[in-house]
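In structure tokens below, several structures.
Common to both upcoming complexes is subunit A, partnered first by subunit B, then by subunit C.
Let's look at the complex of A and B:
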């Protein structure tokens, strides 16, 4: 049994405990952690640091199989002057804001509808999880086919009920293509957040809702004034997570629109992907990826803070 | 085993195809990286012949076409020489030339006559004066049309772009089937640029001028691009789905009876007449690719040469294989063998094969028509920054067709982007 921790400074007793342990026990924790640290170092820290190094180098695979020289911050400076990069950042925001908002709203609406444990609700929840269980790349390819103006099911429906509008080349219209991308993203992610919200709703203390009902509050008022404030920590975490997911979304852009029509759906992850793996400009793509990574790391830190905070 | 029957005729000292006698590389194994194609499967079936002649074993490794460039680049960066012979597309050569071995010396030593290929094919593997391969797979453009719909409408098979528009209009009016399928969408390997190049070259413009500056936005380039988008925008003879079609969708549209014609690579004939097509072979007509300038402008060809990897540790053995795999006898044997659908193919690269009567009989006369299409054909530009430039151009086409952006302004903007790309191609050091 471990010795009881004394009160006072938290680090001093811990250090004292360490010193009290036999030498082999003192190093045991590091030995136990070593495999995990090695895996993290090999798969996370090394690639991350290596890409940071690449971002300061001039390296195009079309010119050379190895980095050609130190470029300092030239890649970053070029990025901030690159209208394509700035345009792509704008497209990423245009995608992220509605996709996060709609996913959270739709997921919450579904959670409220399906929170009870009746047979209908349980079956509906099971069915609704299917989109989330599908591979994102497969989702993109499937939707591209479904939105095909000639053979797709969407146009078949339009042709049946609104023949004057058919064919609808949705993915070749800049606004509709972005709307389709957002809709598919919401379709994909809303079930996941629905399950999160159902869990949160189940954890709400029932007496506060009961008390409000006794006081004559309507369902809408109970939701906005009683439930929502209590759900806020979970909502915040969900919004942060979904923002990260939206910022890094690549699969559907590659498989559905390839950033088009024009550059209407050319998000930053897609631009990083094409710059690195189509144009082979590894240095420039690494700089781009790092700018995106910094934003994501900020969000991840906020997320961690909220998760740690709410678990205390 | 296919191809083995001819072997006893080969004497060891006078081997065919300039192969070295006495099997100096016997026991070696060559690895070949290439995309899946029935032509390559057919070669694979006949590898025993090469092994018997040279003692060299060859292993084919297939990588889907969409991932081939990534795979070549990854292998080049890894630098482990895992592949000895690699298939690549002509437009990739400028970026990949550093990873391939020039073969000019061995071509000369073995007196290999490159005049056996159409000029556009033999030029495909030449970059900055050096030859980096031999053509093995190549595609000329053809004009495909619905014979039944053209007959019903009383339309004539077009020779020029202008005639194509007129015929498409007539067929569309008389039959209700969209006159032509186009592939304007971006993001499918720059497919929306091939027909644009027909228009561009047909109007006397080009991608870049002699100084390497963008030229496609000059007056002729604007007219050419306008002609390209007008098929849909002004003449309204393109299938309305064309804004969202890639090449696969375009071919499928015609195969499903939803478009009356299209301009595309010759290999699609097998799709149009295949088991999954709604069309019968007698409904599918083909003609040489339509041209501008009363039928004199260049058409486009895409070529896939085989090259020897610079990192190969068996370059001499690889050259022996190159000589065998590009021999015209093997090509004729493959294109006339229709016994197995998995290895039946129409693709040939030698002038003699394309003109061969027996080959044409076995392939519906397609090779002879293809040869006409190849007259004066040009390959895609070879630029180190081709992927970036092509990406800008495919986006510009997409914006003009889908977003209704004006041609001149869009091309000017694209030209500025291309200029930036070519300027920074030298790197960002210093």
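Let's look at the complex of A and C:
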């Protein structure tokens, strides 16, 4: 029999007595689970299977209220030859790689600055999480406003200090729009990972750091050679999580850039969204969503393995 | 970074003291700079809500605060009142269903053994790593066939798809940390397992359940994408209403900011708990 739980928590003895339970209690466990299973079956498992079915069908909702015929793998085959899809995959990578790297680096720098429990640090931490509790849609639309070349505060600052550069059409320039999307994403997520890293830093054993200090090692060396290796498990999980979050990021694309200018910020989730709900091509959109989902399932499995591994 | 300097060592290096003091003020300046960088945009949006439309643009730091945006937002065509009511009802409905359902499931996962073992709740959590678009396409078709598009009930159902897995995971983590002794004692006293759960475990687990409820509140209140797809007019919630400030004859930024104020306000009220739930929440629950 497998162990009841990997973390060896107090539930182990309860599980061991399972057979000894009165009959009524043996049914209780399923009764307790049933509502949640029902909810998940209706809102998660059924839609997942259904979209997999749609992905093998020819179906434009604008033409017909029901699927128009079995297409086999034709949608998938068409996708792999579709330059728009491949372009969108490239845009997704161009967003994901810098946003993950910068978020982790910025969050770690912030964590090192704020790990102390001084009054300034504690207050700063409380204030820094406020943007994270904001609706992503509000974040996107707020930055769209602040980056507006006519009305935005960013351009007003540029006009004041570097009048030659104004107006800066950030969101209408392909490269700058992507940079802004990445910067706003880092702004959104860095405080959250900062809190995670502060927790991890506090859990580091002090003796190795102290010993290195006695030996006269500098702070930079201590960080890279002593602290960083011990932080790897947490960093790995944080990088995986942020990669997943970046790959599925959609709200800010819709509210800030709408995929533009042109298709410069048209990431895969946004392309699925427009294909399904602007062009009503349900079959094609579902196939696209499943190709993205396969990549993310791989990452989710890696994540599960690391989480299970680190709790042992 | 003094966090890693053993205080006992500082007296050893006398000449290091001044350098350390310079380092500390540099560090404090960096902390203040970062905090300003993260908080100022939020304050800017909140201030915009109180600026007259003519001054919403540009760098106007000094302005005569006005409540006219507030009145304009509640009128036609923005209907902030009805959007606010939708947001409140959808969030309340989501929590009213999700929290009891998740608590029961979390207890079952924590105290009983199931086929599939300890992986089941993690699999549930892992479904949340899939892109939401994949879930919303079939939901859209189902609600369309049932004539439930643009209803609050459809949004509540859609919200359950992400609130229940997260809440179950978080509450289960809390149950795992509670000793089983009390329940066993209650059962020996003749209480059934269900009675033991209701009268012994749930009261002790209130902090964990509250943490999950706060998390669920934040994600449902801020939810944008499902509402964007599934609503059009009657059931539009606050985050989607932001888009309406954009399209009506140009961009009404001061209306957008006013709506934003109502989206942020509850977050500020609970911000004291927010930090705690972020630490205790998603990643630490997962990193544990």
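Just so it is clear, the second predicted complex is superposed on the first by the 284 of 312 C-alpha atoms of A that agree within 3 Å, B and C clash if a C-alpha of one lies under 4 Å from a C-alpha of the other, contacts with A are read in each partner's own complex, and residues count from 1 in each chain.
Everything that follows uses one rule, which is that a contact is a pair of C-beta atoms (placed from the backbone, for glycine too) under 8 Å apart; a residue touches a chain by one contact, two chains touch by 3 or more.
If you're wondering where the values come from, they're calculated on a predicted model, not measured in any experiment.
**Q** In the superposed arrangement, does subunit B or subunit C reach more residues of subunit A?
**A** Result: the larger residue contact count on subunit A belongs to C.
**Q** Considering only touches as defined above, state whether A:141 meets subunit B (first), subunit C (second), both or neither.
**A** second
**Q** Taking the superposition as given, does A:217 touch the first partner, subunit B, the second, subunit C, both, or neither?
**A** neither
**Q** Kindly classify A:238 by the partners it touches after superposition: subunit B alone (first), subunit C alone (second), both, or neither?
**A** second
**Q** With both complexes superposed on chain A, which partner does A:277 reach: first (subunit B), second (subunit C), both or neither?
**A** Both partners, subunit B and subunit C.
**Q** Mind working out whether A:151 is in touch with subunit B, subunit C, both or neither, as first, second, both or neither?
**A** Touch status of A:151: both partners.
**Q** Look at A:84 in the shared chain and tell me whether it touches subunit B only, subunit C only, both, or neither; answer first, second, both or neither.
**A** In the superposed model, A:84 contacts subunit B only, not subunit C.
**Q** Can you list the residues of subunit A that meet both subunit B and subunit C?
**A** After superposing on chain A, subunit A residues 61, 148, 150-151, 277 contact both subunit B and subunit C.
**Q** Provide the residue numbers of subunit B that touch subunit A in the complex, in ascending order.
**A** Those residues of subunit B that touch subunit A are 70, 73, 76-77, 79, 94-96, 98-99, 184-188, 239-241, 243-245, 249, 252-253, 256, 258, 384-385, 387-388, 391, 395-396, 398-399, 401-403, 405, 417, 424-425, 427-429.
**Q** Using the touch definition from the top, list the residues of subunit A that touch subunit B in their complex.
**A** 58, 60-65, 68-71, 74-75, 78, 84, 147-151, 167, 169-174, 257-264, 274, 277-281, 283-284
**Q** Considering the complex alone, what residue numbers of subunit C touch subunit A?
**A** 1-6, 9, 27-28, 30-32, 34-35, 38-39, 41-42, 44-45, 48, 56-59, 97-98, 100-102, 104-105, 107-114, 117-119, 122-124, 126-127, 129-141, 157-158, 160-161, 164-165, 168, 175-180, 183, 192-194, 197, 218, 221-225, 228-229, 238-240, 242-243, 245-246, 251, 253, 256-257, 260, 263-264, 267-268, 271-272, 274-275, 278-279, 283-284, 286-288
**Q** Within the complex, which stretch of subunit A touches subunit C?
**A** Where subunit A meets subunit C, its residues are 2-7, 9-11, 13-15, 18, 21, 24-25, 28-30, 32-33, 35-37, 39-40, 42-44, 46-48, 50-51, 54, 61, 110, 112-116, 120-121, 124-138, 141-143, 145-146, 148, 150-153, 156-157, 160, 187, 191-193, 195-196, 199-201, 206, 209-210, 213-214, 219, 222, 227, 234, 237-238, 241, 244, 247-248, 250-251, 254-255, 268-269, 272-273, 276-277, 282, 285-286, 289-290, 292-293, 296-297, 299-301, 303-304, 307-308, 310-311.
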